[in-house]
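Take this structure first; my questions come after.
Naming follows writing order (A, B, C and D), and every chain is counted from residue 1.
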Amino acid sequence: MKFRTMGRHVKESFRSIGRNGWMTFASVSAVTVTLLLVGVFVAIMMNLNKLADDLENNVEVKVYAELIADEEQLATLEEEISTTLGVQEVVYSSKEQELVKLAETMGQEFQLYEQDNPLFNTFYVKAATPKETLAVAARIAKLDSVERVEDGRAQVQKLFSVLDVSRNIGLVLILGLLFTAMFLISNTIRITIVARRRDIEIMKLVGATNWFIRIPFIFEGMWLGIMGAILPITLVSIAYYNLFNLFNVELASTGIYSLLTPMPFLLQINALLLAMGIVIGVWGSFMSVRKFLKV
Amino acid sequence: MKFRTMGRHVKESFRSIGRNGWMTFASVSAVTVTLLLVGVFVAIMMNLNKLADDLENNVEVKVYAELIADEEQLATLEEEISTTLGVQEVVYSSKEQELVKLAETMGQEFQLYEQDNPLFNTFYVKAATPKETLAVAARIAKLDSVERVEDGRAQVQKLFSVLDVSRNIGLVLILGLLFTAMFLISNTIRITIVARRRDIEIMKLVGATNWFIRIPFIFEGMWLGIMGAILPITLVSIAYYNLFNLFNVELASTGIYSLLTPMPFLLQINALLLAMGIVIGVWGSFMSVRKFLKV
Amino acid sequence: MIQMKDVYKKYPNGIVAANGITVDIKQGEFVYVVGPSGAGKSTFIKMMYREEKPTSGDIIINGMNLAKIKAKKVPLLRRQIGVVFQDFKLLPRMNVYENVAFALEVIEESPKVIRKRVMEVLDLVGLKHKARMFPTELSGGEQQRISIARSIVNRPKLVIADEPTGNLDPDTSWEIMNIFQEINSRGTTIIMATHNKEIVNTLKHRVIAVEGGMIARDEAEGDYGYEI
Amino acid sequence: MIQMKDVYKKYPNGIVAANGITVDIKQGEFVYVVGPSGAGKSTFIKMMYREEKPTSGDIIINGMNLAKIKAKKVPLLRRQIGVVFQDFKLLPRMNVYENVAFALEVIEESPKVIRKRVMEVLDLVGLKHKARMFPTELSGGEQQRISIARSIVNRPKLVIADEPTGNLDPDTSWEIMNIFQEINSRGTTIIMATHNKEIVNTLKHRVIAVEGGMIARDEAEGDYGYEI
């Protein structure tokens, strides 16, 4: 194929976009609506995933020090814990602090037990990766001066399995949605091309090769995809940016949860939307034209 | 219009479904895929909503009885609480039981305090409607022999506002999805009809009235909607029924949460899917044909 | 039956296809419309059944003024006119039988009458044996004859034919002309645009010659003219 | 140039449109194909540029055996043949200029050559002034002339025309015939299905009469036949 023919194909694809007015509009709006849906759901799902991560990362091991341990032993224990394999963070809380906390939740009457505090000096330990929590707990249990380790085995495992299940459901939903979006967009493009099957047949009868007919359609599909992605990208970006500013401060104040920061996230999601638009547009055109080239 | 003409229109609509093979397939599959998406999301959202309801319904007011209250006074108090406006359920828990509970969560050391129990005899009160919780708490606080009422004001309000926000988000998502589905389906139907605009023009030139042309298209839209709803209805029903059986036992064991039972719920969701299919099919056809009747 | 007065038609692209046409055609007449390619014959004809609206001027068919008629009444007008379109305009997704029957279905004839009349008229154009075939399975001439069959099946008072023999061999053309002669002799008005010199010169009728959107000649018992 | 041997064509609906056709057409010949409506003229012609594949038999065009040619080679075959289709087959979303230019674009001519040749050929069929119009804005005869223009624009060695004058008045028909005569005299083979008795009888050339899918008559310098 000569180079100038490629130029002709690009020009032809633009002309076709313009002249198929209604059909172009139908395709572009199908792409727009579908990608908007995808964008909104992906944004929500990925943030829920982030929240689940945050939750998971917040799982702690509670280490009770022996009652007889003195200041020095406690310092040694803290040192040992923090150098244990897989430990990310250790926070110490004396039994007096623990009583204050308890009183806060249970009622002021507990303050009365100050002189006869039944509680332990406690270390709150966070594992580097949530899944390691149990292993870390086991390692710490073997250290000196440790009375008892509470890894919340049941709770931790339950939480992990719940999060895993919901993450998988989310993934399935997103994949289902992506698949649906692909199907709907290529379906729409296909119908608009079916409506032009006679054109394709005539071109073939006049001596056009398959690629000569196909290439303008492929370019056209690409423009459709790009045009359809513009609005979703704009809307998702604006909406996310504003929602982020609105909610993140409040969420961040918990110290645990936060939303995905707009900067890399919006780039990723916009790239996804644009890529989907283009890939489906091109692929949809390619597949649909194929059917009618056998004249 | 004569009655037999209506019969002709129905027959014509079936014939057209058959003869437009590829276009019929494209429309039906667009309806199928879209309604499947709607079905899955509506099922998930409504169950999440149910879980939120369950959570909300589980909010309790904790009523501490005065330490000096004797058996008789406690019985009177229980009687008074249960007749208080807006109270649905009262459960009594003696201070011994409370200590056992505490020991369960805090560690066995607390059992040591059995002789010198610092806890209160407690009533757990559930309001008839979750939103009334605070009002109920206030009413109970005025009763005799009540030491203190813990309504968890901050937590309750926070929970309610979180649930309200998420429910609203869910509603917006569902509405957005429904709107998108409507748009996509009627868009698809519209393109298939555009492809037949020449037919419509010819019919008009041969002397057909607008209704004569429109009615078969409307029937056709109806069949498309119905055919497109079959698969989603079947799949959603089977999937939901199985998931319900798989998860509900485990969930119900919590005593708090449960999924929507398949029986009325599946009927509702299937009715929604079928209605959407038909309404959009009919409406999409009607609107699309309109454009080309002005010949 | 048909009166046109100062009819003027300018297409959106600026082409003036009817430039002041005044003509009067009586019930029962047989009129040839002749003229070079692009002269405005089809436009002249299309305005009679309102496929095209005139830009100005009055067209009165059967007492209805097409310039003032409501959109709702247009189907009623068209049912009184049988049209053979230059490009046939058959419905591609209906078979031959259904295409012809359609003209009777719109006037809500009974199925029995429809079946009888459609078969009769298909027989007349010699295509009874192809009733179940689709337009794409027919030759050009066969499609043209289906279009002719459809135009006469509901026995309209006016038949408008735009080059009804353009795709037919001379023998078949004469058969079609015999059909037109026959229904004309029963009182139907016939207006026929044609390039067929032989037919016009042999079967003498009124000839209207259109040139550049104007009536250049209007002769009772005229001939084709335009000698080479 | 063209050899057909025992060519047989049965359409999916069971109709046999070519029933053992054997024919030999030499480079530079001018052949009329005549016969009644539905005789199989278009089918005969369509098999030459492979719009239809024969059910059995051999068709050899320019040394290529169409029964064995690969699908990829078909466009190359079609570029050597200019076709005037009975139903014009113009691209509705392209204007007149683009429709004609398309036949040159597929062979990747330079834009300069394309512009020059397209304008030349539009001038030849008398439609240079309508280059920017769309097919729907043209009269039947004008569309037919565009189809003719497209068929000759790339100067093919073989022109196949299916009733190229069906929608044209006699004057314009003769102009088109002059063009065909002219390119034929330069060595182009011309095969033309027609119902125009006057042309066939005036401008004498080889006549192949098709009837019921068979060659009923094949005369050099023949006439139309089928006297009424």
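The rule is simple: a contact is a pair of C-beta atoms (placed from the backbone, for glycine too) under 8 Å apart; a residue touches a chain by one contact, two chains touch by 3 or more.
Keep in mind that this is a model prediction, so the values were computed, not measured.
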Name, by label, each chain that touches both members of the pair chain A and chain C. B, D
Shortest path length from chain A to chain B (each step joins two touching chains): 1
Would you identify the chain whose Cα-based centre sits farthest away from the centre of chain C? A
Averaging only over C-alpha atoms, locate the centres of chain B and chain D and give their separation in whole Å. 66
Need the CA-centroid distance for the pair chain A / chain D, whole Å please. 62
Between chain C and chain D, what distance separates the C-alpha centroids? Give it in angstrom. 28
On chain A, where are the residues touching two or more other chains? none
Give the residues of chain D that touch two or more other chains, as numbers and ranges in rising order. none
Touch graph across the chains, line, ring, star, complete or other? ring
If two chains touch, include that pair; go through all of them. A-B, A-D, B-C, C-D
Per the touch rule above, chain B residues touching chain A in the complex are 22-23, 26, 29-30, 33-34, 36-37, 40-41, 44, 64, 102, 106-107, 109-110, 112-113, 118-120, 148, 150, 173, 176-177, 180, 183-184, 187-188, 190-192, 194-195
Mind listing the chain D positions that touch chain C in their complex? 11, 13, 15, 34-38, 41-42, 86-87, 133, 137-142, 145, 162-163, 166-174, 195, 197-198, 224, 226, 228
Using the touch definition up top, name the residues of chain A that touch chain D in the complex. 1-2, 4-5, 8, 16, 19-20, 196, 199, 202-210, 212, 294-295
Mind pulling up the chain C residues that touch chain B in the complex? 49, 51, 71-72, 74-76, 78-79, 83, 85, 89-93, 102-103, 105-108, 110-111, 150
